[in-house]
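What follows is a set of structures for review.
Two complexes follow with chain A in common, the first pairing it with chain B and the second with chain C.
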Partner chain A sequence: MGRYWEIASTWTVILAASIAVWSLAAATLPVPDYFLPPPAAVLSAFVELTAKGMLPMFIGESLRRIVLAALLGLFVGVPIGLALGISHRTAQFAYPVLNFFQSVSGIAWLPLMLIWFGFGERTILIAVNYTVLFPVIFNALLGIRSVPPIYVNALRTLGASRWRIVRDVLVPGALPNIAMGIRLGLAYGWRALIAAEMLVGANGLGFMIFNSQAFHLTARIMLGMGIIGALWVALDYFLLRPIEEATIDRWGMVQR
Partner chain B sequence: MTAKITIRGLGHEFVNPFTRERVLALDGVDLEVKEGEFLTVVGPSGCGKTTLLNIVAGLLPKTRGTVLLDGHEVTEPGPDRGVVFQEFAIMPWRTVEKNIAHGLEIQSVPKEERADIVRRFVDLVGLRGFERKYPHELSGGMKQRVAVARTLAANPQVMLMDEPFAAVDSQTRITLQEELNVIAQATRKTILFVTHNVEEAVFLGDRCCVFSGRPGRVKALVPVDIPRERRRWNLLMSDPTFDLAKEKVFGLVREEVGKEI
Partner chain C sequence: MISRWRGSVVTVGRGTAPFVVILIAWALVTRAGVLPAIFLPPLGDVAKTAWQMFQDGSLWINIGASVGRVLVSLVISVPLAVGLGIFVGLHRRLSPVVEPIAGFFNALSGIAWLPLAVTWFGLGWVSVTFIMFNTIFFLVFYNTLVGIRTVPRILEHAVRTLGGSRRHIIFHVLIPGAMPNIVTGIRMSIGFGWRALIAAEMIATSTGLGFLIYNASNFHQTDTILVGIVTIGILWLLTDRLILQPVERWTVERWGLVSSSR
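Up next, the complex of A and B:
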């Protein structure tokens, strides 16, 4: 309780101080309003866009895209990574290939994708799903390969079948890496999504901040940026962390 | 007594992956472990005693010779040979009771029966109250008790132990040695136990097999004629039979270590 309040009050002070400095800077610096709008302007942009229904719609669109990519990563990426990792031979082959495609981010693919898939939703979805998928597959494979052989041997001497070794040793042993892959994939995917929406979107948070720039609606840009960061922090805190706490933290498999 | 494990002319060669040289780890090992016997293998580090154990476990291939369990050739791992490893090879994602039940799950033992057996072995290794704990919440000694219980619960024909107490502190080691002695007496299991610790080998073994340096061979077999119920550290501190056997084994091991220096 004491510790919680300590953290909460520290953050309140830091936040209040930052807003105060920002307000002061906006009021005193000799720059036009659109260059550095005060916090109050960002707040009123929030109220206005929420009332109009634009902001909830944009947030909803961006979240829909990232959730879709997350589901694909979880139900397609993880199984593919696990399957590739189980055999030493396929893992050796897949490793450099995955490593290569993981590093060519979805953004780098955008020019080619625009030619192939057109200027619209299809390209956004493909770019984001691509960006999420590779780190997820790559880390799931890595997870399987990094399970200590001693666990496998222990189970073999208990008479376990190959399938049981996969189920009881390799998959749970790969979980720390799988969790990391999902976290990394979604973090990269979230960035790629915003960038893709900026370039080809007709809605979403990326579209909102990029489109606002054309009209010098600086408060909206800042609002969008704040929401992009806040949504990720919330996703991480309320979804990813609890999953890790219930599994790999409980098993003592992560050093923090 | 009949031979439970028969090892004849066993040789093992491997290629060092860095130097590409062929290394002869074991050469012409002949050894018999009798039914219900506790046989300890002791020798200098790198003498191939762990290799021997892994071959008997079926985890390593043999280059020459035969390994028989009850007269049947051993080629792969199987539940008839339970292994306790030096590293704590229990699953971090399973609780104590789930780890102990693992072998029984693999054998498809029905749930109620499984719970009974697990309870019995939790008691045998003194882990009551820790059934729901995860391995990272246990001390090294407790983890190794879980590993021993898991192996015994699966009811193997023989138990193979590879320096199981090398990674725990000396106080815990003494306790674990005494506990294992009690377990050996109670279960009458055939046990093949590898160690580099002479005192441990003599304390636990009905016979103590001394290995030569690389390539590993059986150098000598030293019988330790002390009944199980007398094998407690406070009783053996000034026991002439124990001291004599210990000195003998120590001398034999020393010769081998001396050769390498």
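Up next, the complex of A and C:
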């Protein structure tokens, strides 16, 4: 209870101080209004866009896309990575390819995808899912391969079956890497989504901030940025942290 | 000596074999003519385009622009971020307040700043560099701060009990203890920065690899796009292999807490 109180009070102080500094800067700096709109303008942009229903819609669209990519990464990417990693041969074959594809972000593929799939939802979804999937697969494979062979050998000497080794040694040993891959993939994917919505989109938060720039609606840009940051913090708190707590803390070597 | 040489040949062979398979599949698909060349040009065309861009220097100019931006941003923001991170981390009253702010800007880093950057600085290299600076600075700053804060207090107490001065503690306990985190931060910042750069170049400038491939897609020059993508991938693999991995290995061995079971 005391800890929550401390976090809440710290945040209140931070927010109050930054809003005060920001208002002061907006009021005193000799720049046009669209350069640095005051906090009040951002608040009224929030009220206006919420009343019109645009903001909830844009948030919903962006969230839908990233959650879809997260689910695909978890339930398709992880199993693929594990399956490829279990056999020494497939791992050796897949490693360089996965490394190459995970190092080229989905955004770099976007120009090609625009030609292949056109300007639309399909291109955004494919770019984001690509960006999430490859780091997830790659790290799951890496996780399996980095389990010290001595553990596998120990269980094998004791007569464990292959399935037993996979279930009790390889998969638990790979969990910290899997969690890392999911975090990295989603962090890249969230940014790729914003960029793809800017370049392709007709909706979503990326589109909202990019389009507002053309009309010098800076308050809307700042509102969008605040929401993008806050959504990531929420995603981190409600999805990534629990995954890490269930894996890295439990199976990994955390120094406390 | 000979066996070592043979070993490296085998390694290179293993590394390239999967790509050879992909190239063969690509050649087969284009030869069969199932896809129009605008979707997937034949390998020969891409090689020809690459050679042309190689010779007329356009590939080099764009590589230079992108890599130059990465280097400039790194040189400006890494020392600043590490310095400030250490400074804030040392102040035990300041750091709990700064940490969540840094965390928030970290979550926001990258391409989301583009519209605001364009509003402030217009289209051009300043906007792109600002985004890069932003991405690299907050990642490194945050990781340095967390690194300093998570050095076990017991080590500090031990040195202090033995009569170590504050200066001694900072330079021989806290900074070395934070080193693995700092290096991880820099490594991540290059990954995130490089991706943000490609996206920003597509929108905000007229040079660089991001611009090259985005502009090519407007003219349906699929071969140029593919040359650009492969260049981006190769540049990253080279950075990773030649700079990031050695530095990381060195820091982890030198400063890290490697468990003895490995």
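We adopt the following convention: the second predicted complex is superposed on the first by the 239 of 256 C-alpha atoms of A that agree within 3 Å, B and C clash if a C-alpha of one lies under 4 Å from a C-alpha of the other, contacts with A are read in each partner's own complex, and residues count from 1 in each chain.
Just so we're on the same page, a residue touches a chain if its C-beta (ideal position, glycine included) is under 8 Å from a C-beta of that chain, and two chains touch if they have at least 3 such contacts.
Only a predicted model underlies this, so the values are computations on that prediction, with no experimental measurement involved.
Output check: A:Ala195 vs chain B and chain C. Expected answer is one of first, second, both, neither. What do you get?
Second partner only, chain C.
Touch test for A:Ile14: chain B only (first), chain C only (second), both, or neither?
second
Would you check which partner chain A:Phe93 touches, where first means chain B only, second means chain C only, and both and neither mean what they say?
second
Between chain B and chain C, which makes contact with more of the residues in chain A?
Looking at chain B versus chain C, the one contacting more residues of chain A is C.
Kindly classify A:Ile59 by the partners it touches after superposition: chain B alone (first), chain C alone (second), both, or neither?
So A:Ile59 meets neither chain B nor chain C here.
Pick one for A:His216: touches chain B only (first), chain C only (second), both, or neither.
A:His216: touches chain C, not chain B.
Looking at A:Leu49, would you say it contacts chain B, chain C, both, or neither? Reply first, second, both or neither.
In the superposition, A:Leu49 contacts neither chain B nor chain C.
First (chain B), second (chain C), both or neither: which does A:Ile178 touch?
neither
Across the two complexes, what residues of chain A are contacted by chain B and by chain C?
Residues common to the chain A contacts of chain C and of chain B are 148, 253, listed in rising order.
Along chain C, where are the residues that touch chain A in the complex?
14-19, 22, 38-39, 96-97, 100-101, 103-105, 107-108, 110-116, 118-120, 152, 192, 195-196, 198-199, 202-203, 209-210, 213-214, 216-217, 220, 222, 225-226, 228-229, 232-233, 236-237, 240, 257, 259, 261-262
Residue numbers of chain A touching chain C in their complex, please.
Spelled out, the residues of chain A in touch with chain C are 10-11, 13-14, 18, 34-35, 92-94, 96-97, 99-101, 103-105, 107-112, 114-116, 148, 187-188, 191-192, 194-195, 198-199, 206, 209-210, 212-213, 216, 218, 221-222, 224-225, 228-229, 232-233, 236, 253, 255.
Touching residues of chain A toward chain B in the complex: what are they?
So the residues of chain A in touch with chain B come to 148, 150-151, 153-161, 164, 168-169, 172-173, 175, 247, 250-253.
Per the contact definition, I'd like the list of chain B residues that touch chain A in the complex.
Residues 57-59, 77-79, 81-83, 85, 87, 89-93, 102-103, 106-107, 134-137, 147, 150, 154.
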